Structures are given as C-alpha cells and as structure tokens.
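Both of the next two complexes hold chain A, though its partner changes from chain B to chain C.
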Partner chain A sequence: MSEMTEIVLTIDGQEIKATAGMTVLQAAQKAGIYIPTLCHHEKLEAFGGCRLCMVEVEARGWTSYVVSCVYPVAKDIVVRTRSAKVDKIRKVLVEELMAHAPDAPELIRLAEEYGADRNRFERDASFCIVCGLCVRYCNEVKQKNAVGFIDNGARREISFIPEVAKDECWDCQECFTICPTSYAQAAYLLTEALAFPGQRKVPIKTTQAPEPTRRVIPIMPVAATT
Partner chain B sequence: MPKLQSAAELEKYRAEILARRDPAKPCIAVCVGAACDGMDSAAVAAAFVAEGGKLGDKIEVRTTGCHGYCEKGPNVVVTPGDICYFEVQPTDVPEIIAATLKGEVVERLVYKDPNTGAKAVHMNEVPFYKHQTRLLIGDNPKIDPMRIDDYLAVGGYAALVKALTEMTPEQVLDEVKKANLRGRGGGGFPAGSKWETTRNAPEKTKYVIVNGHEGESAAFMDRAMLTGNPHKILEGLIIGAYAIGAQKGFMYTRHDMPLLEKHVRNALAQAKEYGLLGQNILGSGFDFECELHFDVGIFVSGESSALMRSIEGNAPEPRPKYIRTSVNGIWDKPSNLNNVETWANVPQIISKGAEWFTSIGSEKSKGTKLISLSGNVVNSGVVEVPMGTPLRTLVFDIGGGVRDGKILKAIHFGGAMGGSIPADLIDSPLDFDGMSKLGAPIGAGGLLLMDEDTDMVEVARYLMDFLVNESCGKCVPCREGMQQMLHLLTNITRGEGKPGDLERLEDLIEVTGVASLCALGKTSGDPLKSMFRYFKPEYESRISGGSAGK
Partner chain C sequence: MSEQTIDGIIEKYRGQPNSLIHALVEIQHENHWLPRDVMHKVAAALQVPFAQVMQIASFYKAFSLTPKGRHEVHVCTGMTCHLRGAAKLRAKVEELTGLKDGETDADSRFTYETGACLGSCSIGPELIVDGKHYGRMTPEKIEDVLKQYE
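Our next item is the complex of A and B:
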C-alpha cells in the first residue's frame, strides 16, 4: 500500500490508531500495551512460532484467537490481550516450555504472571525452546547462516554448522544475547569443542580487527590477545 | 503420434481407437495396484502375457491400477462379462485362459460367500462391489495407466473437449459451483468457491495444484486413483485451470511410490504429445503446462501452505500469515489447491452436468466418496459409495463385517486427525457435516474398523506417535503439546497413569487445538477428544486401576 492508511481499532478498551500493514502486536506496542512474546524480534520477520502473543479478536460478531505478531490490523476490530482463554493458552504454553528450560528467567516471570506450574509436564531438559531467534537473526540480520534448524517435530533443534561457525561466530556472538535460555551459547561452545577446538579464527593483530566483545558471561574462552 | 490440433481431431482419433477394438474379444485385466503388487500380481500378469502370447491375437492382457478389492488380491477381471477371479496365482493362469477361450468360468477362483458358500461370478454380483457406486474408480480395470488410448476409449478427455469448445470459463466455474462439489481432502470446503477466489484474484499469473500427498494414516484411495487412472485427474486439472485462468499446474505427490511416479510422468508426457497439455490445447487458444513435484517425506507436506512452500523449494513449513493461498499461494501468486479425488470429480460434472451430480449423495454432501476400508474388517480395500450411505452398508454389506466373528467396537475415520465413534452409531450416514458433528470427520476417507479387543488408549497413543513424528516442529503447541500428550498416553498404556493426567490431557487438547499454526496441530487432539466423548471410562479405569491393558 503506497499511502499510509490510518486504521482505528480497539485494544483492551482503548481506541488505537494504526497504519495499514501493521500487525496487532505492533499496534499494541506502539500504544504501550504489553503482549508477551518469546520468538518475536523487531529486526526479524514475524515467525509465529511461540504462539504466546495470542490474543482474542472480535470482528464482525465473530470471536477468534489469533497470533498478534502476524495478524494484520483491520478497521473496527476489537482486541483483548487478556481473557480467561488467552491466559489459559499462555499458561499451558509456558508449562510446556518449562519442561525444557525450567530456570529460564523469562519463563519464570511468565509462569508467575499466568500461574503456570513448572512441574506440570514431563521434563526433557534440552534447555532450548526452539524459538528460532538465533537461527533467524543469523540468517536475516547477519546473513551468515552459521546456525540452523535440524530435524522436525519434537526432535527439532538448533545446530551450529561447524564449517560456517568456525569462521563467522568468533567476532559476532550476537545470538547469545537474544537467546532466552542461554542455549545458543552452550550449543556454540559445544560445537566448537567437538568440531574445531582451538581452531577458532582470532584476530592476527588486535589493532586491525574488532575486539570481540564479551557480551554474555565472562568465562567465554575468547583469546582477545595472542 | 502427431499432436491433436482440434476437438474434431480428438473425436476422430477416439473413433479410430474404438473401431480397432473388438468388444467381444476376451480381455484379462490384472490388477497391479499397490496391494496386489505386494502379493506379486506382476508374476500373474507376466504369466498371462506369456500364455496369451502363445495364442497370437485371441486374447488381450492388460495390467491395470487398483480394482478395489485389495483383501482378495491378486485381482483379475475378465471381460466381456466382468468375471472376477480372486487370489489368482501364476499357476492358475493356463486354466483361466482355457476357460475364457471356451466362454467358461473357473469356478474355484470366483467369489464364495464365507458364510453361505454362495458363489458370485460377475462383478455386479460380488457383495463387495454390488453395494458400491463406482463413478471414479470403476474405470480402473478398463485402463492400462500407461496407455492414454485406454482412457480415451472410455470417453476420456471428452469433458475437456466440451469445456474448451462449448463452454466459457465462467460457465465451467458455474457448473462446478452448482454441483456443490466439496473438497475431498478433508475440509469439505466447496471447490467452486475456492476456484472463484483464485479466478477473481487480480494477479494474472495463477497456479492450480493437485494435492496427491495422501499422508493420512489408513488412507490409500488417492494413490489408487492417481496410479490407476492418472489422466482422469489430469483432465480435471486442465478443466479447472481453464475455469480459473491458470497457466501452470503442479501435481504434488509422494516420493516413495515408484509406480505412481512412473504412471504420472508417463501420463504428463503422453498428454503433452497428444496436445492436451502445452500451447493452444486442441486449437482452443488455451495454454497450460503441468509439472510433477514430490514431497519430502513428512505428513505436514500435505498441508496446503506447507505444500506450496515445498513447491517453491523451501522446507515444508506452514506459513504463519493470515492469508489465503487462493490469493497468495506459490510465490505469492493465487494458487488453487484441490485433492486428487476432488479433481477426479470434475470431468464427470462437466460431461454429465451439475444436476446429475447433485442427484447423487446426501442433502449437503453431493456425489460419491472414495473410502479406504481397513482395520479389523473382513474385506479391506478401496470403496466408492454415494455420500449419505449408512456406515452399516460400508462396514457390513461391503466390508463383510468384523474379522474372525468378533464384535464391532468402534469406527475410526480420518486417520490421526480424525475420531472414533462407538459401534452403536453405525447407522449414521456418511456425510461431511454429520460425521464432523459426531466427532469423526471423514477427513480424506480412511475408515478403520476396530473390534472388541481394541485398546482405545493404545489407539490414541499410536495415532499421537504418528503425528509427533510428522509435525514440522515450528510452533510450540503442536511440537510440545503433542509430545506431552504422547508421554501421558504412553504412561497410561503402561499402567503408569496418574491422577490429574486426564485434566492435563484435556488442557493440552484445548490449547493445541486453538493455538497451533496449522491444521496438523489444530486437529491433533481430535482422536483423543472423540475418545473422551465416547470411551472415557476406559481411560479412567486404566488410570485408577493402573492395569497395563487387557
């Protein structure tokens, strides 16, 4: 759409002005209304994977449950970011994810908010919640594709590709900071230990190369000086 | 074969094929469909070719697609007379040929009623066949899928001729809309409305797609159609493309069926050679190409948006966008996708008209439906009946009832995303809406019979195990919810169920159903939902008693 068409919708009882093409999540964020997300990142294309941002939408007399990160704003729709059903969806989703990462700070916070029981479902301590932030950030923002998804269904996981990671990750590591569970960092270090121990690319002269920043935890074995 | 330049040339060619054929000459049709092939019907066919060859031109041998009666394969049908021989072995071949030449019947190989011992010689007397209305699959014994001439001989491509020469695209669309043809892939959505959406989309480049993925467990009718009569589906697709204004089509099907691939590839090549695909089809000015495409081996490839991603060359993940593929499909172009059986219905609707079509079936579900009959049934196979047929007819008259004299416990429809209903609902009619209300939507048409010994918890566990492996794993409710349902069901079947498990399952069904990205997740809890509706005491007693099944 070439012109900026203004659209008025209602979110949690407030009249919100949005522009055509925006998603409900963007409209809500612009208006300062909080909707929880785990796989959303403003620099990345909407993924619609975690489903935590589901909201109730009433349009032409019909109520439906949609993921706000991809649902486009439309004239006169009524959005409710919380309701008994929405809260229940979020509660169960958080309980499902806590089976993998029971101590992830963001999940603990959400569990408190929605009354989720971290012990409700059978544990599988994989630590990764497969939000795909690392994979998509590496692909869309960094365009390196050093980390990807492998396998499908419940076996889906993220995996660093050693051949790419060896050359690309040493001075980036930006995915570590956006990972909600610290698993990206663990997966990278494991890949390094298994596939290219001691062979990570390092700057020959520190004055000529960017200093790898220690963004996450201080035990990172990055040799900044040789 | 020179390209046919016009409708008149095609009709002339058809007349020549028929003139060369003597309807009185005996023809032996050997089924080499998937089930018969598994029983080495190829050896039977080879024996017929070898024996028949000794006789010169007295007898014709034809290898064909699925006849339907898989239980009794290898199947052989002798025309004229449609004499059905079952469980034929290569050693039976000389006897069949000798009898056929004398106009006699080999009594020991015809159908014998297991209860009364009464024999049935002709197809229309065999109980399995006589209660069916075989509009779609009925041609299979008459067609060698490798020969387009066989399809032309049974009137093939006449509907395409009619559409291209006597009808405008709008009229074709109108006819399909009036016929109220509903999608056979599972949704039951009116095909005409879907076609219209794609037709009316402003973008000029449009695609039509045959969804021949058929990943639903216990469904095997689409492959029977596509392998046995590929031209019927192709004809439907070309007619659809004409109505919609599409220039290109895709047949998306299974990578794991070499015979299907061979037949479809050959059909596309022959149609192209005959001028039924390509530029200026039959001189009408209509151009259409069709490409074959294979799945990557997971069930979710059959989900329409995932299927389109797959055709684009991407991983088959459903798209999260709130868009309609009819408008934004392959490469964001309007793309109309229908199931194999839906496309197969199109030629007859055009040939015989919407009025004829709507005279068959129930009030809201028109035409016939192909059903894959399996499980604890006496006669497994591919069956075709009018919509509205009582399930009793399917199960008892056609299916021959429950195997080994056991009592029927449940009927399951729709595979891993379907549902089970108890035996006392056996008089319900086969109908999209009616069956959905009962909690056992007919889906693509896989009907599983379950006898009194069936463990309903184990059935749910088995189906969930299938889906867990077929999910793409992108969204949390499908990936995690199904995995947790599987854990709980596995524990219950092991006698390790705990108090609270049913509530946990109910929450998972609810959230997975509403929050999943695509239909795979959304309907993954449906079998379990139907079990809680009809068989809940079984679950409760398994948890409280802790017994590990019967």
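Our next item is the complex of A and C:
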C-alpha cells in the first residue's frame, strides 16, 4: 500500500480507524476488541479455516455473517462481534470441533464461554481440528515444509513427511507449541516411531556440553490469550 | 512407462511450480500410478516442496499412490446399471480376475474398481476397460472382452 487510506468503521459501537487492506479482525485487535480465533496466527497469512471469528456485519442496510480474519474493512460498515446469532454459530462450531478434540484446553474454554455441549456430536477422535497452523507455520515461517495436508474433504489430515522431518523437526518443534490440541506433537512422534526410529537428527554434541534437555512440550492447559 | 519417459515429462516442466498438476497428470497417465521416488523427482525439478506434491497427489482421486495394473476395469454401479444387473457383472469380473473392488492383480494386468455413475445409463449395464465403454454387458460376454487386454 503506497498511500494509507484511512477507513472508519464501527465495531461493537466504537468508531475504529483502520487502513485499507486490513481485515476486520486486525482492526478489532488493534482497537483491543477480542474476537475468538483458532486458525489465526499473526505471523501467517489469513486462512479462514476455523470460522470461529465469524462476526455480524451490517453494510448498506444488509446484515450478513462474515469470517473476520479474511473480510477486508470497508467504509461505514457496522460490525458486531457478539450477537445471539453469532454466539449460536460459534457454539455449534465449538461443538463440532469437540467431536474431534474434546479435551483441547482452548476448546474447553470456548465451550464454557458459548455454552457448547462437548458431547453433542458423535466422537470422531482424530485429535486434529485441521486448523493448519502447523502446516502453514512450517511453510511460511520456517520454510521447511516438514508437515503437510493429505487427502481431502472429511478425510483430510496433517502428515509429517519423514524424509524432511527426520532432519528438521527435533531441532525446531515450534509447531508443537502453536497446535491447539497437541496433535502436531503426537503426529510427529508417531511418524518418527514408524518411519525413522532412532534416526532423527539431534544437535551436534561436544564432549563438554551437557546432554540437551528433552524439549517435548508437556501437555498442559494453554494460558488464555489476550 | 519407462523411466526415461517419466524423466522426459519432468524435464518438460522443470522450474515451473505452477505446472505441478500437469506434470502429475501426465505421469499418472503414462505410469498409472505415482511412486514416491518419482514425486521426489517432481518436487526437486519443479521447485515445489515435497509436502505440497503429496498434498496434491493425495487430494485428487485421479492420482494413485499405489501401483495400478496396465488395464483399468470399471463396472458401473449407478442406479440404472444396478437395476439392469450390474451385480451379476461384478460377480463375474471378480470371479474372472480374482480381484475385489480397488485391487490390482500380482501381474499388474488389471485394476478393478466400481464406480457410480459412469455416465452411460442408456447403454447399461456397462463395463469400461481403459476408457472404452462396453454397453449392454452380460456376464457371458465379459470373458471375451477381458481377453483382448493383456
């Protein structure tokens, strides 16, 4: 953006100034207004995968429901981050995700906030909610592409590529911390156990250096963000 | 389906990440499946991460990640073919080839798959071998059809 065109919009009754090209989510976050997200990460391109950041937008008299992480700001739109219908949408989304990862700390917190029933849908404990954070982080930030999506539709899942993971993952493990369900870590360890047991590349040790401490992150509740 | 043919296809698209699907389609057509080492070659030549090649190859049903036979035998199980006796065709094909749905024989001669709808309801029940449609099929005629494919 060469010129910074200023756009004024309303979010939850507040007048917010934003620049052209920003998304509604970015504008809200800049103003300190919280919108729940799962697949969003500030270092990554917007993905629009989890749909949890759905908000109500009123533009030219029409009300619609949009995904705020990919919806660009526009002049004079009125955004509501909470409404009966928005809350209902988020509740059902959380319930659907909980069929896959019933014990993910972030989902438990959201379930409390939106009154979601974790047992509403039949369990399909894949433990992955396909938010794509690990895949996109490895591609965009680390540029290693050690983990990718495979298959399609309801069968889509993440998969570590053994040929790459063997040399890259143990030294990095950064996707383990951003994964909302601990599945990235589990998927990596399973891949290692099946495809290259005992062959991972570890940091080169000198004789004086102490044994590197085990870096696998223990599974514990994630502190609530914002 | 020699190695040179595959290498030729890969060379044609060298340095063109956007042509990933084209390259894979051509290799699939030539080789009937995508071996992992071939996908590694594609990734290296087209400068695409291997994870992305895997993503594309596993996303589309047109690609096969397991070996396929020289000839693809399809029996339509769509509603029309079903009513016109597709089940008997399936039983006969399974008896003749010894294969179940989705399997390939040890000599890589046939891969047998069912599908619905294969789009020729007016001539059902139908058997399709390598894209050639055999309409108004009867179990008795199948053996003669399959004999033509070695």
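The working rule: the second predicted complex is superposed on the first by the 205 of 226 C-alpha atoms of A that agree within 3 Å, B and C clash if a C-alpha of one lies under 4 Å from a C-alpha of the other, contacts with A are read in each partner's own complex, and residues count from 1 in each chain.
As a working rule, a contact is a pair of C-beta atoms (placed from the backbone, for glycine too) under 8 Å apart; a residue touches a chain by one contact, two chains touch by 3 or more.
Since the model is a prediction, treat every value here as computed from it, not as a measurement.
Is A:Cys179 contacted by the first partner chain B, the second partner chain C, both or neither?
neither
Is A:Asn145 touching anything from chain B or chain C once the two structures are fitted on A? First, second, both or neither.
After superposing on A, A:Asn145 lies in contact with chain C but is clear of chain B.
Compare chain B and chain C by how many residues of chain A each one touches, and report the one with more.
When the residues of chain A touched by each partner are counted, B comes out ahead.
Under the stated touch criterion, which partner chain does A:Ile161 make contact with: chain B (first), chain C (second), both, or neither?
After superposition on chain A, A:Ile161 lies in contact with chain C alone.
Would you sort A:Val67 into first (chain B), second (chain C), both or neither based on which partner it touches?
Touch status of A:Val67: first partner only.
For A:Leu25, is the partner it touches chain B (first), chain C (second), both, or none of the two (neither)?
neither
Of the two partner chains, chain B (first) and chain C (second), which one does A:Ile89 touch, if any: first, second, both, or neither?
Once the two structures are laid over each other on A, A:Ile89 reaches chain B alone.
Quick one: is A:Phe121 in contact with chain B, with chain C, with both, or with neither? Answer first, second, both or neither.
first
Both chain B and chain C contact which residues of chain A?
After superposing on chain A, chain A residues 149, 151-152 contact both chain B and chain C.
Would you tell me which residues of chain B are touching chain A in their complex?
Those residues of chain B that touch chain A are 298, 300, 320-322, 468-477, 479-484, 487-488, 504, 507-508, 510-511, 514-517.
Give the list of chain A residues in touch with chain B in this complex.
So the residues of chain A in touch with chain B come to 46-52, 54, 65-67, 70-72, 85, 88-89, 92-93, 96-97, 99-100, 120-122, 124, 129-130, 132, 149, 151-156.
Tell me, which parts of chain A touch chain C in their complex?
So the residues of chain A touching chain C come out as 135, 138-139, 145-152, 159, 161, 163-164.
Which bits of chain C are touching chain A when the two form their complex?
Contacts found on chain C: 40, 49-52, 54-55, 58-60.
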